[in-house]
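Here come two complexes built around chain A, the first alongside chain B, the second alongside chain C.
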Partner chain A sequence: MEYVLIYILNGLYFTSFVFLTSLGLNIILGVMGILNLAHGALYAIGAFVAAWLIGSMFAGMSVLLILAGGLVAAIGIAGACGLLMEISFIRPMYNRTLEYQLLITFGAMLAVEGLIKMIWGGQSYYASAPFVSMGSIEIVGSVYPVYFIFAMVLSFATGFGLWLLLSKTRLGIMLRAISMDREMAQAMGIRIKWFNTLAFALGAGLAGLAGALIIPTTPATLGIGMDPLIRAFIVVVIGGLGSLRGALLGSLIVGETRSFGVAYFPEIELPLLFLVAVVILVVKPEGLFGSK
Partner chain B sequence: MDVKSAIRSPKAFVYLAVFVLLLPLANFLSPYQVMLLEAGITLGISALGFNLLLRYTGLLSFGHGALFAVGAYTVGMMYKYFPALYSIEILIPASIIVSMIVAGIFGYICVRHTFIFFAIITMAVSMVIFTLLLKFYHFTGGSDGIHIELPTMLGTSYTGIKRFEFLSGPYYYFLICIFAVCVIVMQGIVNSPFGKTLQSIRDNEVRAEMVGIRVKRYRWYAFLVSGIFTGLGGALYSFINGHVTPELAEWIFSGEIVFMTLLGGFMIFEGPIIGAILFTYLQLYLTSWTEYWQFAMGVILILLVLLLPQGISGGVADLYRKLKKSKTREIS
Partner chain C sequence: MDEKRFNRRSLLKQMGLAGAGLTASGLAGATYKVRKATAAENRSIPKTPLKVAVVSFLSGPASGPFGIPGNNSFKICAEEINKQGGIAGRKIEMKSYDEAGGTDSQVKLARKLIMDDKVDIILGYISSADCKAILPLSDELGGLIFAYDCGTHVLMEKEKSPYDVPKYGLGFRTAAHLAIDNIALARYIQKHYPDVKKVAGINQDYAWGRDSWMIFERAIKKLLPHVEVVKTLWPQIYTKDYTAHISSLLSSGAEIVHSSMWGGDTVTFTKQAIGMGLFKKARMAMSRGEPYPQEVGEDFPENQIICCAGTHYFLYPPQDKWPLNKKFVADYHKAYGKYPPYPAYHAYQAIYAYKHAVEKAVSLVGGWPTKKEIAMAASGLSFETPSGILTIGKDHNAREDVLVGETKKVKSFDFPILEPENSSIFPAHEVNTPVGLRTVDWIDSWEA
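Now for the complex of A and B:
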């Protein structure tokens, strides 16, 4: 029982990653109505960029500086990838049917994963320096790494920032208007085309940030984005479409289920998670905070 | 279309011609080519089932890989736990029944949703099956999967014989016959009142409901039938591959089923079959040609969606129509 607090904290730590990944997915889904299957690949790009920068440039410079550099570079490069993807082949997809939209992002996923393999090869990249140098603190008799707390704070701050952006600024109001009614927003004079690009790049950047943030604790390997993608899907399903609150609560459910599942029944942790999602969907098909 | 007019239609002759051409093919091709063709055909049966949902019911499933895996794992489990019953006459009905049961539960959860939510929830449920196959390794062999032995067929045991001999010999004819039955049955389903009901639901759900069609129930029926075809494809595939792994249930493979269906062209009844066979060859040649086959596959997929949205068969049909038009213009 004395580990319960640690499990809860670990759950929050998992939550923060799932939250970041699902935020990006949710923005793209909400604003453009496209389920981005390549989101995991963008996450992987962030992870590889960060691992490569932190791992190879780490020579005498301050660890925090390197970490910040890695994170910013990951956001930038993943965002740029998202931008290119949107302009080159997602854009003609808006008035196509669902199967084509899904299939083209599926193709993008394969292509980006292949590209990662081309650039970085098949090997793993380790970059645990920031994790080690941050050390650990003691929380009620257990040792807890500071980096976990740092990651949590950063993710939730990002979520808060996004909430501010979406609810308080003109840009955010326009984005929400588009997600509510595309045609009407267009009729009111919003340039949907560029907002789509912006939203896609923003979502991609968030995926990149999530990928980069996990690097100090996990090596970057091929297929690193698959698991987060699936978990982010579950969050979107549980929380409901385009709802920030839903994304937060969904991430919390996913993160804590993972933490306690791994601790108590490691074998069925993932099936358990899916079952939770399925039960929620059967009881409340539109998700916890979704609107029909 | 009743039976008489169905037999008289030109399509029936084409089918018959293809069937007659396929029968002796195993003697001309190398065993390896036969194996590829067989894999393509089994995937074609699955894609045919998938397309009943996509083309005729208007539901895009992103979880059919799991149903495929259910069919394939039924064979593996039968070998593991009931080796006495390991003959193909029992295995095929068994996999049909098991995939029907699983598709029944699967579909019951999923048909309450449409559009993108249907895609997401089928994906989520398929991942439940994937993780169960992966984590209950005492039963399922975990990530190693299960090895599939050659089954007995019509009382004959093939234990001593090499797999490719079995595949290019008796199994080939068996598979072709099953394939023919599947195509005919699916053709019948699509043209039956049941098939027309599904299409009416696809075209206008509200109107269908008003006419008195129980929309969700019919969607569920469609899911069941679709699941049976896909599971059957999986069971037939397992003998060819000789090994089943949980990856079959992963969403990547489900995506590949969508890919092959759209590659062939889902608006045409035979499109998924053509797509599945092409996909098998494409994947194999890409993997042997370049280490970065995944990248090539992605690029091909993107180009396909951008440039050839009707798939190969749709593209050919378009081309044919254009040529015909220009010819008539020349004459006039």
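Now for the complex of A and C:
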């Protein structure tokens, strides 16, 4: 029993990453109606940029500074990649069917993976200085790394910032208007083309941030974005398409299910997650906060 | 194109005859003359270089810890062999291939290498799935294949003990299989921690992790029947967040935690486990932990039980007593700035096994040998390697002693090391499955 609080905390830590990854996927899906399979590859770009900068370029500098530099650079570069991706080959796909979108974004994923291999080679990149130097503190009788808490705070703060952006600013209101009714928004004079590019770049930047944030705890390797893509997809499906609240609750379910699953049912760590998703979809096919 | 197939029975018969002929040739010469006469026109040693294909992961998560060190070592060894005049006078022309891309594409590559490129030998494979799919091609296509690193214990085993050997006429594995590490860990625990009560396991959720744990659990339950397994965890391969697993291990009260994890997973797990204080409460027993103190660096915790996939360690056999290790370590460190991890030693074993087998066969048949004759010479071969003396069994699987020790920080290295004088060496017969037996049957037959 004494470990239950730590299990909850572990679950929250896992939640924070799934949440951050699903945010970008959700925005792109909500605003543009594009299911972006290349989201994992953008996550990988963030991871490699951060690992490369933190691990080699900035080595020896103040840890917080290099971490901030790595994170900002990852958001910027992943965002720029998203921008280019949208302009070049996502744009012609808007009026096509889902199959085209899946094909083109899957192709983009392979292309970006290839690009990563070309730039950084096939090797793993390690950059654990921020994780190590932040050390650990004691929480309810257990030792817990400070970096995990930092990552949680940053993820949830990003989510809160995004909520503010979408609900309180003019820009956000226009984005939501597009996600609710594209034709009507266009009729009202919103420049959909421009907003599509913006939403895609924003989503890509968020993927980059998620990838960069995990780097101090694990090396950047080829294929690093695959698993987060799958989990983010589960979150979007169970939380409801295009819903921020849904993304948060979906991530919580995924994170805590995993944490308690590993503790009590280790044999079915992964199937358990899918089982929960299936149950939710059977009971509420549109997702927890999705509209019918 | 040598498509002539031969089955096990005919091969055994031929091996028996030719083996007798080979060994007797020095004394009587009759068999030797007959063979020489029948194939006289093919026996001269070709002037062309030997085509050696090397296959290991050059990209992806398994490249850093295994594929690239293995490939590096192959290069160093090939250069050294060429510098010494090649193999029986023929220079090595080595070409490296990437093992990434899945088993299907590897099977295609192996077919191409044997059938189209007509390589003299393939040295390769880290993935057990690749080995299982590709070794049968050796006899099917008539190509020599030496698996150099893959670990599954079932590769050369058959369905039921006892079975006749070898499983593949032209297929070999020039390293011992995963059972040696896990049995050695169990023996080490029996020797040094006989009073341990609770053990746990954390292994990647696929054949490698499942097999490693299964062998360890069987062995430890035989050797220390009072031991209780309090937790078995199966993280997905390439997991990035082990917090849930680490808390679960902490709450289980395990004193020793077995793990066969590898690569970035081990580094990630170790760093997160340091952050969460696991090493203050439990001791890891890592079946293939040898590369990771060097990978992780000075943060790697002390007093962790580490196994070396044999006796593959840059400090063992001690360099002053075994010059071959000294030279190998120096050459590797000079070229790549690191001490060779165990896959580098495995690569040495593979390429030199081929060299010694060819040279033995050349000396016995008095000319350039066929692939079958090279295989016959390789079976039962013993030769010196940087890790000691390696023997290849009649089942075409190598047998190795095992070094198990505990990490210790010392002034002379910037990562914790295993001190050979404070480590345990388990001789081959204590940890390697006897020829013709299945590993699980062998362990089950131990007296408690």
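A few comments on the model shown:
In this text, the second predicted complex is superposed on the first by the 290 of 292 C-alpha atoms of A that agree within 3 Å, B and C clash if a C-alpha of one lies under 4 Å from a C-alpha of the other, contacts with A are read in each partner's own complex, and residues count from 1 in each chain.
Definition applied: a contact is a pair of C-beta atoms (placed from the backbone, for glycine too) under 8 Å apart; a residue touches a chain by one contact, two chains touch by 3 or more.
Only a predicted model underlies this, so the values are computations on that prediction, with no experimental measurement involved.
When the two structures are aligned on the shared chain, A:270 is found in touch with chain B and with chain C.
In the superposition on chain A, contact is made by A:148 with chain C only, not with chain B. In the superposition on chain A, contact of A:123 is made with chain C only, not with chain B. Chain A residues in contact with chain B (one complex) as well as with chain C (other complex) are 117, 267, 270. Contacts from chain A toward chain B in the complex involve residues 29, 33, 35, 37, 89, 92-93, 96, 98-100, 102-104, 106-115, 117-118, 230, 233-234, 236-237, 267-268, 270-271, 274-275, 277-278, 281-282, 285.
Every residue of chain A that touches chain C in the complex is listed here, in rising order: 2-3, 6-7, 10-11, 13-14, 17, 117, 121-124, 126, 128, 131-132, 136, 142-145, 147-148, 214, 217-219, 221-224, 227, 258-259, 261-263, 266-267, 269-270.
Of all residues in chain C, those touching chain A in their complex are 58-61, 63-64, 68, 98, 100, 205, 231-236, 238-241, 243-245, 247-248, 250-251, 263-264, 267-268, 271-272, 275-277, 280, 299.
Residues 54, 60, 62, 109, 112-113, 115-117, 119-121, 123-125, 127-128, 131-132, 134-136, 251, 255, 258-259, 262, 266, 291-302, 304-306, 309 of chain B touch chain A in their complex.
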